[in-house]
Amino acid sequence: MAGNTFGTLFRVTTAGVSHGPGNVVIIDGCPAGLELSVDDLLPDLRRRRPGQSKLTTQRDEQDLPEIWSGVFEGKTDGTPIAITFRNSDQRSGDYGDIKDKYRPGHADFTFDAKYGFRDYRGGGRSSARETVSRVAAGAVAKKLLARDGIRVLGYVKQVGPLVAHVPDPTAVTLEQVEATPVRCPVPETAAQMVQLIDDVRMDRDSIGGVCELVATGVPAGLGEPVFDKLKADLAKALLSLPAVTGFEYGAGFAVATMRGSANNDVFAPPEAHESPVAPDAADCNATVWEPKHGPRVRTESNRHGGMLGGISSGMPIVCRAAIKPTSSIPRTQRTIDRDGRPTEILVKGRHDPCLLPRFVPMGEAMVALVLVDHLLRARSSKLSS
Amino acid sequence: MAGNTFGTLFRVTTAGVSHGPGNVVIIDGCPAGLELSVDDLLPDLRRRRPGQSKLTTQRDEQDLPEIWSGVFEGKTDGTPIAITFRNSDQRSGDYGDIKDKYRPGHADFTFDAKYGFRDYRGGGRSSARETVSRVAAGAVAKKLLARDGIRVLGYVKQVGPLVAHVPDPTAVTLEQVEATPVRCPVPETAAQMVQLIDDVRMDRDSIGGVCELVATGVPAGLGEPVFDKLKADLAKALLSLPAVTGFEYGAGFAVATMRGSANNDVFAPPEAHESPVAPDAADCNATVWEPKHGPRVRTESNRHGGMLGGISSGMPIVCRAAIKPTSSIPRTQRTIDRDGRPTEILVKGRHDPCLLPRFVPMGEAMVALVLVDHLLRARSSKLSS
Amino acid sequence: MAGNTFGTLFRVTTAGVSHGPGNVVIIDGCPAGLELSVDDLLPDLRRRRPGQSKLTTQRDEQDLPEIWSGVFEGKTDGTPIAITFRNSDQRSGDYGDIKDKYRPGHADFTFDAKYGFRDYRGGGRSSARETVSRVAAGAVAKKLLARDGIRVLGYVKQVGPLVAHVPDPTAVTLEQVEATPVRCPVPETAAQMVQLIDDVRMDRDSIGGVCELVATGVPAGLGEPVFDKLKADLAKALLSLPAVTGFEYGAGFAVATMRGSANNDVFAPPEAHESPVAPDAADCNATVWEPKHGPRVRTESNRHGGMLGGISSGMPIVCRAAIKPTSSIPRTQRTIDRDGRPTEILVKGRHDPCLLPRFVPMGEAMVALVLVDHLLRARSSKLSS
Amino acid sequence: MAGNTFGTLFRVTTAGVSHGPGNVVIIDGCPAGLELSVDDLLPDLRRRRPGQSKLTTQRDEQDLPEIWSGVFEGKTDGTPIAITFRNSDQRSGDYGDIKDKYRPGHADFTFDAKYGFRDYRGGGRSSARETVSRVAAGAVAKKLLARDGIRVLGYVKQVGPLVAHVPDPTAVTLEQVEATPVRCPVPETAAQMVQLIDDVRMDRDSIGGVCELVATGVPAGLGEPVFDKLKADLAKALLSLPAVTGFEYGAGFAVATMRGSANNDVFAPPEAHESPVAPDAADCNATVWEPKHGPRVRTESNRHGGMLGGISSGMPIVCRAAIKPTSSIPRTQRTIDRDGRPTEILVKGRHDPCLLPRFVPMGEAMVALVLVDHLLRARSSKLSS
């Protein structure tokens, strides 16, 4: 129960640290027969990779996956898929100063408190380097989901005070997201964000933001009624990523000031040739879908973010994660050393001034892992006829 | 994997619906030797109970627990603790109208979509009635935590636009929380909240809010580095409760607009006779603590909410959950029936106009369950000397 | 991880001891829509019940189940099924002597060693009383399996030196098993067993035996290739029952003296109107079945007990459990007390002189739980088309 | 739930097939601070390796492990340990014939039935090649157990009709076991076994046997009362290995013919300077041990195999596994092809005529994994003082 496995039926176990030999992931529970090769993993791995632009750290990981098992003659064979990533860039000198000092905002101290010592060559196991495994697993999950018409897409919703106005989250395309280095699909806001991040970087500081994640095509009925509500598993999935400090779905924290009469979404029959028009994230319409049980239904708004009682409603799933500003900033900060004495630290190395652009594929991966897991779970609970 | 069990080492399994014979919980993994009786469960069960004030529904559940097992001669004996609650008040007539119509904001439709039919006598398994089991289990968890000096306390932070200013979350007492029916420890704000909720009720509407949860005395080192980060398990725990639409800890969503230089908490040695004074939730100081490994450490502020890298830092854990306005409002609302035809529905029955007051013990229970689980997990991972 | 839950998708959690208020079981993961009532549980509960004949203890438990949840309008509704059994017969005086002495063959000492104290009113949690929960859950599992044409049946194969010769295990009927109090389907052997057990009882002693369990109609493909082999899960299931000291399937321990050329079963196409004739347990033919993948296949013999590589082959699953003689015998035995001093003990109370007859429904229940779990698991792993 | 993970707190996840790129294992839950290097893994890996003698297949796997993570500066760091084994010897031509035919006794057919196709280059995932991962994990487990004075040792007890008489299983040493290629500690029997296996090999056949596994130094109190009894987890562990068809502990199947008065082991106080003398496996005396709770206790005999009520008693744990004769024999056998047509098959390749010698380290590994898991579980369930 050291917490390195995620999921119940589609299970992902990861190992590896930022500055060790490499990272390893075993994906257990992928059904047999899915066409799969390294090429399926590369696009999202590239999106996660450092060094894509001046907005992201220039650390040059090749992130080249090797598939050790689970694929036979181009298809998954039902046995576990093991993938390794050899760490190629381990400039040990860059991190030497943190051996005996606790970087503010980092897990240096808590690892010491937990284990008695730690891998001081970098973030170790708490580094975002570990997410290379998640993104690879997420790529497999996305390919499975695509067979059921489910798509997961994320984008940067907010950086600092700059909030992107996305009229219909379900209409955003991968191309729009990838069109700018900041992964915000609204070009004007994206340009402002790029400028802001560059300013922050010049100021030797960092900045936080919000990532919005949207899943379309999710059938009604995914999620379990009590502890494993879909919203609960999504929250855990996203909070398990480094730097995430908050999660909300649908109207989210805005519900605090709302009245029930304004928050409840009205159920309605689907319109013919319905064209979804939604003013903003929490109000998007969905395309029409066909549930296995009950009538065809839509809601006139989507403040419920696609989940009612923790179970998918068939409307788009819309959720958001808050990401804190990078803890590593190229400034001298006060801290203490391992002996508890006050000191100063200047964290070297190359660090993203804003984590948001590279967070997008990580967030998508976690959402995809949750959805594919619940899809398999839903399948297992059917009664034989 | 139908999701009715929570926790890994301290495992809680619940069964039961709102209008069936009763609710059942099995608590597995409670160490032997803890003094335990029904009396230990009653205080929190009373806090959760409907009918405490005009702010809460008048449904009169006795919530009287019966312990079937796991306690011998007044102490837990290491075997699973089974507790039942017989449902005493099942006025079936009250819910008849929802049999064939989907209540907006409720899980009626998603249950139909998932299972093909549903227990239409009320919320069924999605009802907050199920939380009676969680609160009982949480009471056991709290008693275990108390042995380690850990306290979990929640209070209402916000109702509608009214936000309580709590200078030091760790200084709030249970007595302060229980002093008002709205469970807000700031008397003036509490009075305003009571008035607002009463206004909303008179307006046949409901209102949302935010609950803040604080755990003090948590040693550094709880939480697992990757998927089972303490923050991730807390997020799942709270989002698994009905009506919760968001989770944040420490600075939470406010990090989006912050810079790293402002967000990072500075590590510092503990001061002698330090008196914690903190301006607000995310900035509270902690009392000094002694980690098992490494030096005695505090942070000068607590924007990290007591968790770094998903592992407890020894500072107070501070998190918040957003709760939506009660979906059941005594108004006619548009919806559709099970055949997909537009109709109207007037939800009868007695419903809280604001869920916040009764949410407090539920939220505390879930936080306590997470903490005790990670406490046991931490214990299991020690090396023999 | 206190081990009170069994199964992965069809999960059974039990609580309760022999002399406490009662026993509780929560069945999680039963698909919605199965017709279920107390009447479905009673037949197997009656078979497990003490006091059926002079072969079994006269302790008079009513074993009347109460279903608290999970069934709505006569059908399972997808939510967890909680069932309680109130202990009706708690003559505390019968067990007083064991409070401070360790009964030979019992778990008194090991419970003390594990927990520091124990419920001394009887076997406590290690008593076979707990199996009332398993048998109830097994009855639900059997009903689910029946929808897929799978039948699980056990019988007494051996008592002391008396071994029943069963030409075709798959041809044994429930009626044959229930025709004699010893649950051996071969009348002559059954009569001898009854006599032997009566002799043993008169001799104030007890006797061991072997139970054979047969599952027919199991489709090929159940079981997971590595750790969760079907044979492994069956072994665990049966060894988790009290008094079981061994497990084997197919040829079992007899393989030790066999050569590969004699042990390998030959694959063959199914014959038309094939009439299965098998000399004995490990050699029975199966009825013809239709796998989802690959050709229709049978093996000419069944020394592999219906499992190859830990995965069901479509041939009947045949396994056996060794059950030790009842540890409680009405004789004075040497032992020590809780202070480690030598003493003598005379275990009072009513105890079966042979556990085998009542073991049959317990063994069936565990086999059924394993099969239904793997059936649901197999379902979850299909690729969407 | 595809079953590629074993254990609850000390969790082992494996991936890889016999003829793919390699095998991968992730060990999660190893406490931090254990000195560990590749050298700790090599001895048991060598014992498992093919080609050690003419008794074992000459397939030349180097079995050289690479540790990717979880070890920092020579010690485990609390994060998951990933180890890979690159498959070095993949003569694909050897296995070509089995692509379209089902080998008797193998999992070819059941894999086809389960997945619709299979890796036909060898045993694939059902090959004993996968046990390289288990043996590596077992070596880590053994090293952890050694810190608590627990030793696990196995040996060949029986090959065909030849049964080794081992007066005191706890007195057997690793040196004795390794002294002969057949891993039987009784030299005369070992010589006969070697001759028998050679005869069988010359006869182009194979032979089965029994492996006995002994754990000494196990403290009383390991194992959970109900489903996760220590005996149940050991049974699952051993049956999860290829070719195992039976499990028994202590007196095992011999209990069937025993009376309670003869089977019950008498509790006794430990003698001063006690010298254990035991006639045979199920009757060995134990060295004296000190439980955490209750008095110092031994039993005068050990027919209970060190477990009472599924919980360790402090006496040596003694169990046995039946291993079938190698299914691959260099003879033409009748079978069918993938189209269901009768045909013949001659399985090529190099195969052990008797699996027993190489089984010993595999069996030890599984026993060690179970014990270390329960050791960690026991630790987690203590009450804070």
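Note that the chains take the letters A, B, C and D in the order they are written out, and that residue 1 is the start of every chain.
The criterion applied here is as follows: a residue touches a chain if its C-beta (ideal position, glycine included) is under 8 Å from a C-beta of that chain, and two chains touch if they have at least 3 such contacts.
Here's who's who by UniProt: A, B, C, D = Chorismate synthase.
The structure presented is a predicted model; accordingly, all values stated were derived computationally and were not measured.
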Pair exhibiting more inter-chain C-beta contacts, B-C or A-C: B-C
Farthest chain (mean CA position) relative to chain B (Chorismate synthase): D
Whole-Å gap separating chain B (Chorismate synthase) and chain C (Chorismate synthase), where each centre is the average of the chain's CA atoms: 40
Chain A (Chorismate synthase) and chain B (Chorismate synthase), separation of their C-alpha mean positions in angstrom: 25
Separation of mean Cα positions, chain C (Chorismate synthase) and chain A (Chorismate synthase) [Å, integer]: 46
Residues of chain D (Chorismate synthase) whose C-beta touches two or more other chains: 1-2, 4-5, 8-9, 14, 29, 32-33, 78-79, 114-117, 125, 225, 377, 380-381
Touch list for chain B (Chorismate synthase) against partner chain C (Chorismate synthase), complex: 1-2, 4-5, 8-9, 11, 13-17, 20-24, 26, 28-29, 32-33, 66-70, 72, 75, 77-82, 84, 114-119, 124-125
Chain C (Chorismate synthase) contact footprint on chain D (Chorismate synthase) (complex, rising order): 1-6, 8-9, 14, 102, 104-107, 109-117, 125-126, 130, 158-161, 200, 205-210, 219-229, 231-240, 242, 244-253, 255-261, 263-269, 291-297, 304-305, 307-314, 322-329, 331, 333-336, 338-342, 377-378, 380-381
Contact set on chain B (Chorismate synthase) toward chain D (Chorismate synthase) in their complex: 1, 9, 29, 31-34, 78-79, 144, 147-148, 225, 376-377, 379-385
